[in-house]
Amino acid sequence: MKDKASQPVIEARGLNLVFQTADGPVQALKDVNLTINQGDFVSFIGPSGCGKTTFLRAIAALEHPTSGTLTVNGMPPDEARRRRAYGYVFQAAGLYPWRTIAGNIRLPLEIMGFSRAEQDERTARVLDLVELTGFGKKFPWQLSGGMQQRASIARALAFDADILLMDEPFGALDEIVRDRLNEEVLKLWARTGKTIGFVTHSIPEAVYLSTKIVVMSPRPGRITDVIDSPLPKERPLDIRDSREFIEIAHRVREGLRAGHHDD
Amino acid sequence: MNRALPVLTVLTGIVVIWYAAAVWMNAAWVFDQAQRAGQEVTWAEVIPQTMDQPRPLLPPPHQVGAELWKGLFDQAVTSKRSLVYHGIVTLKGTMMGFGLGIVVGVLLAMAIVRFRVMDLSVMPWAIISQTVPIVALAPMIITVSSQLGLSGRDVPKAVIAAYLSFFPVLVSMVKGLRSPDQMQLDLLKTYGAGEAATFLKLRLPASMPYFFASLKVAVAASLVGTIVGELPTGAIEGLGARMLIGSQFGEPLIMWAALFAAAILAGLLILVVGMVERLARRRMGVPA
Amino acid sequence: MTALWIAIGVWLAAWALNVWLSASPISQTRLGKLLVPLVFGATVLVLWEGLVRGLGVAPVILPAPSAIAAKIAVSLPILWQDFAQTILKGAIPGFLIGAGAAFLVAIAIDRSPFLQRGLLPIGNFVAALPIVGLAPILVMWFGFDWQSKAAVVVVMVFFPMLVNIVAGLQASERMQRDLMATWGASYVQTLVKLRLPAAMPFVFNGLKIASTLALIGAIVAEFFGSPVYGMGFRISTEVGRLGLDMVWAEIAVAALAGSALYGLIALIERWVTFWHPSQRH
Amino acid sequence: MKRLLTAAFLASMASGASAEDVKLQLKWVTQAQFAGYYVAKDKGFYEEEGLNVTILPGGPDIAPTQVIAGGGADVIVEWMPAALAAREKGLPLVNIAQPFAKSGMMLTCLAETGIKEPKDFADKTLGVWFFGNEYPFLSWMSQLGFKTDGSPGGVTVLKQGFNVDPLLQKQAACISTMTYNEYWQVIDAGIKPEDLVTFKYEDQGVATLEDGLYVLEDRLADPAFQETMVKFVRASMKGWKYAEENPDEAAMIVLENDQTGAQTEQHQKRMMGEIAKLTAGSNGALDVAAAEQTVATLLAGGSDPVITKAPEGAWTSVITDKALAN
C-alpha cells in the first residue's frame, strides 16, 4: 500500500473501535479510512462524541481499535510509540506542578535517556521556539494559561517526534491568545516540517491551520468528508478574509450539518 | 462476584497465614510443657495441640470464631456474658460521644467561620488537642467528672469519644461553611439577604456534603475513643472492658472475641453512617 | 475567691485584646497569627489557675498550672527518660517502620489490581477499627520493653498509611499518565517521575493522622506492662500515687511531643508539596 | 494542706447524699476478694442496718483514693501503703476497719530460673504491680539491699500488666501474685506447683496490711457519718463472717454481681477459699501492731521512700469499738 511519492505516515483501513460501557457497547469509530502523509497538517473537526479524540488516541496507541488496521510509519501504533514517534499535546497543559517549566520540558528527555547536556541544549532550543526563554525556572502555576500551553507544546517538541498530535490544545484559551498561538503553530510547522494531527471544535481554526480537514460525525463516529485545502503554506492571519478561506469554511460547515441531519 | 473475589482471596490468604502463625507461636508452649514433663514430642503431635489450647499465644481462627459465636448467640442478650450486651454498652457510649462530638464540632465550626477571633485563637488549639494522647487524659476525665457528681462511667467515656470525634467534624464543617464562592455570596447580597439568611440558605446547605463525608471518620474515631475509655477508666461493661478483663484474667479467647466483636460493631456503624450519607446525598441531588 | 475573679477579669481582658488583635491588620502578619492563639492559650492557663485557687480545688484532683510547671522544672531528668523510652524508642521507630512497611506494601500491590481490589476494602475497614485493643496481645508477644510499644504503633499506623498511599498512587491525572505512555515511559519511570510526586499530598495526610495514632499507641501499650519508666507507665502509676502534678507534667510533654511531631511533618509537607494548591499562598 | 477539699464539694456532700446512702469503692473488679460486701448486700445485712449501699467495682486504672478525693465514694477498700502515701500527699484517709488480717501478696518464680531464696533475685527481672501496690515490694528490695534500677547486682523491675503472662512468656523470672488470684492463674495455665517457688511477703517480714476500709478524716468528725460507718462496718463484718462460713454460696453471690461476665465459678470458689484464710481471725478491728509493722516496712523503703515520716491519726478504733460493742 505504500506510495513512495506521497510518503504516507499514518494509514487507517476499515477501523472500528467499540467501548464496553456500563450502558452497553458504544461504537466510537466506525469504518474509518484515512491516509495522512508526511508533512500534512490534518485537522479533525466534528461535534462532541464524533470520535475525533478517540481516533487521535488510537494513533498514539492510547486506545486499541476493535478491528481494522492502523499503521504509523508502517508499523503498529504500539511499536511506533515505543520508538517515540509522537509528541502529544492535550487540551489542558498537563504540566507537572512540582517541576519548573524547564523541568517539565526535560521530563520526556529524561525518560528517553538523553544525556544531560543534550537535555539542556534541547530545552533551551524549544523554549526559544515557543518564545518562553527566561521562564524556564518558573513553576507552571506562576504562568498564564497561554504560556502554560506553549510550554506544553515545547515539551512535545523537545524530543523531535515525527508526529505531533494535538487534542484541542487551545480550546480553553481566549480568542486573542488563540490567534497568536495558531500563528505560532503554523510557523513551527513550517520550520520543522512535522506531521501534525489537530483536533478542534472551531471551523476557522481548522481551515486556517490545515492542509487537510477531516469532518466527522457522531453516533457512530465516522468520517463524512475529507477536504484538501488549496491555501498556500504561507498564511497570514488576514487570509481568513479571503474568498477561498470562506469557501472552505462553508464546505466544512455543510459537512458538519450533513452529519447532524443523519441522526 | 467481581468485587467479592479479590477480597475473599485476600481473606483466605490471611486465614492461612494466621493458622501457620498459630501453629508456630503456640508450639513453643507445647514444647515447653513436654520439656517440663521430660518428654519428647514430634511436630505431628504438636500441631493438633496448638489448635485448642485454653491460653494460646495466638488462638487459631476457629477458636476465636467459636468463642465469638458463643458470646454473640449462645447467651441471652441481657446476660453479662453476652457480647451483644457488652456491644450495646459500647454502642451507647459511642453514640453519646458521636452525638456530643457532632454538636461540639458543628458549633465550633460555626463560631470559627463567623468570628475571625475564634478562627485565629481556637483553631490552632483544636489541632494541638488532637496531638495530646487522649488516654493520658482518661483518668483525669474520670476524676473531674466524678467530682462534678457524675459517678457513672457513661459520661467520661462519652467525653473521651467526643474528644476524638469532634475534630473531623470541625475540620470538614469549616471547609464546608466556607465552600460557597464569592459569586454565590454576592448573589445573595444582591437579594438583600442578611447574615442569618446567607447562613441558612447558602452556607449551611453547601456544607452538608462535607458534613456527611466527615461522619464516617467521626464515628470510627468515636468508637476508638469509647474503647480506649473503657480500657483504663475501669469501665466494667463494654467491649473495651472485655478486652481488658480477658487480658487480666489470662483469657486470650475472651480478648480476641471482644476484639472481633468490636470489629463487627465498627463495620455495622460504618455501614449505617455510609447509608445515611448516601441517602442524604441523594436527597440533595448529589450523585453518590 | 479573689483569685477566681482576677482570673475571670484577665480572661475578659485577654479576650477583648484578641478581638481587637484579630480585627486589626496585625492579625494578617505571621506574628499576629502566632500571637492570637498564644494569648488565648495563656488565658486558658490563667483561668485554670484562678479556678483551682479560687475554688480551692485539691491538688489530688486538679493541680494548678503553676504547680505543674514547678513539677516539670524539678522532674526534667525523669521526664526526659520517659520521653526517650516512649517517644524515641516506642513511638518514632514504630511510626517509621509502620509507614515504611505500608509504603512497600502499597508499591508491591500497585501492579496487581486484583490484590488492590482485595486489600483496599479490608485496609479501609481495619483502619477504622479500634486497633488499640491489640495492645495487650502485642505486649504479651513482644515483651514489656519498647519493642512491644513499637509493635503496637506499627500496627496502628500501617493501615491508615496503606490506604492513603494506595489512594495517592491513583491520584495522578489520567492525562498525565497518557502523556507518560506517549513518551514510552516504563512502569518505574512513571512511578518515580509522576505517580509518587502526585501521591505526596495523600502520603502526608496519612502521616499526620499516623503521628497522633503513634503517640496514643505507645502510651496505651505501656498500661499493659512496661519497664519502670516511660510516659504511659508514669501516668498510670502516678494516678495511683495521687501525683497528679506529675501526670499533668507528662501530659504536657506528650502534647508538646505530639505537636512537635505534627509540626515537623507539616513543615516537611510544605517543603515537599510546595506545588500543591493547598500549600500555595 | 488545710483546703484540701473544695468548698463546692463539701457543700454537695452535705446536701446531696442522705445519711443512710453509702457508696463503697472497691480496689479491684468484682471478685471473691470482696465477697463480704457483696454477701452483706445480697443477704440484706446492710438493709437491716437501714443502709442503702452501692458497691462500685474498681479496675486497673481506678485509684480508690482518687475516687474518694473526688467525692465519688464515702468509703473505700484500699491497701494501707497506698492509703498512707495518699495521706502524705494531703488526702487525710483514716482506716476505720481491717477485715483482712493477713497479706495475700507473694512473689511467684519459675523454679527453672534457679531462684531458691531472696538473695537469688540478683540480676533477675521481677514483675511488680504499680499503681500504689509497689510500695511493699520496694521496701522489701531495699531491705535485701537490691537496687531496683536494673543496675548490675540489682534487680530489673517490670511493670506487670494485669495478668501472669510475663511469667508464662518467661519475660520475668518472678511476678507478683496474690495467693487467692494470680497464683491460680499460673496453675491453671498448666504449670505445676512443684515448678514454682513462692515468697510470701508475710513470711519475709515485709507484709503490709491489705484490704482495709478507709474514709476521709474531715467527714469522720461528723457524728451522723460516724454512726453510718458503724452500721456499715458491723454489717460488712457480718457479711465477711458469713462468707467465711459459706464460701461456695459467697462465691456464687459474687458471680451474680460480676458485671463483666468473665469470672468463672471454679475460680471464684477457689478464691473464696483462699480469701477466707486471710480474713480468718479478724473481727474488723485493726491490729495496731500490724499497722505499725506496715509503717516500719514502708519507712524502710530506701532511696525513694513511700512515706517519709510516721503518720499520725491514720487509723482509728472509734468505729470498730462501737460496731463490735453490741
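The letters A, B, C and D name the chains in turn, as written, and every chain counts its residues from 1.
One rule holds for everything that comes next: a residue touches a chain if its C-beta (ideal position, glycine included) is under 8 Å from a C-beta of that chain, and two chains touch if they have at least 3 such contacts.
Protein identities per chain, from UniProt: A = ABC transporter ATP-binding protein; B = ABC transporter permease subunit; C = ABC transporter permease; D = Thiamine pyrimidine synthase.
Worth saying up front: this structure is predicted, and the values here are computed from it rather than measured.
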| item | value |
| --- | --- |
| More contacts between chains, B-C or B-D | B-C |
| Intercentroid distance (Cα basis), subunit B paired with subunit A, Å | 53 |
| Subunit B-subunit D separation of Cα centroids, rounded to whole Å | 34 |
| Centre-of-Cα separation between subunit D and subunit A, whole angstrom | 85 |
| Subunit B and subunit C, separation of their C-alpha mean positions in angstrom | 18 |
| Overlap residues in subunit B, where contacts from two or more other chains coincide | 57, 139, 143-144, 147, 231-232, 244, 246-247 |
| Junction residues of subunit C, two or more chains touched | 61, 136, 140, 223-224, 236, 239 |
| Residues of subunit A touching at least two other chains | none |
| Each pair of chains that touches, named by its two labels | A-C, B-C, B-D, C-D |
| Subunit C-touching residues of subunit D, taken from the complex the two chains share | 3-8, 60-61, 63, 65-66, 69-70, 82, 85-86, 89-91, 130-134, 148-150, 156-162, 165-166, 169, 171-172 |
| Touching residues (chain side subunit C, partner subunit A) in the complex | 173, 175-176, 178-185, 189, 193-194, 197, 273-277, 280 |
| Subunit B partner contacts - residues on subunit C that touch it in the complex | 15, 18-19, 21-23, 27, 32-33, 36-37, 39-41, 61-62, 114-119, 121-122, 125, 127-130, 132-134, 136-137, 140-141, 211-212, 215-216, 219-220, 223-224, 231-232, 235-236, 239, 244, 247-248, 250-251, 254-255, 258-259, 261-262 |
| Residues of subunit B touching subunit C in the complex | 3, 5-11, 14, 25, 57-58, 116-117, 119-125, 127-128, 130-137, 139-140, 143-144, 147, 216, 220, 223-224, 227-228, 231-232, 239-240, 243-244, 246-247, 252, 255-256, 258-259, 262-263, 266-267, 270 |
| Of subunit A, residues touching subunit C in the complex | 57, 60-62, 81-84, 86-88, 90, 92, 94, 96-98, 107-108, 110-112, 139, 141, 159, 165 |
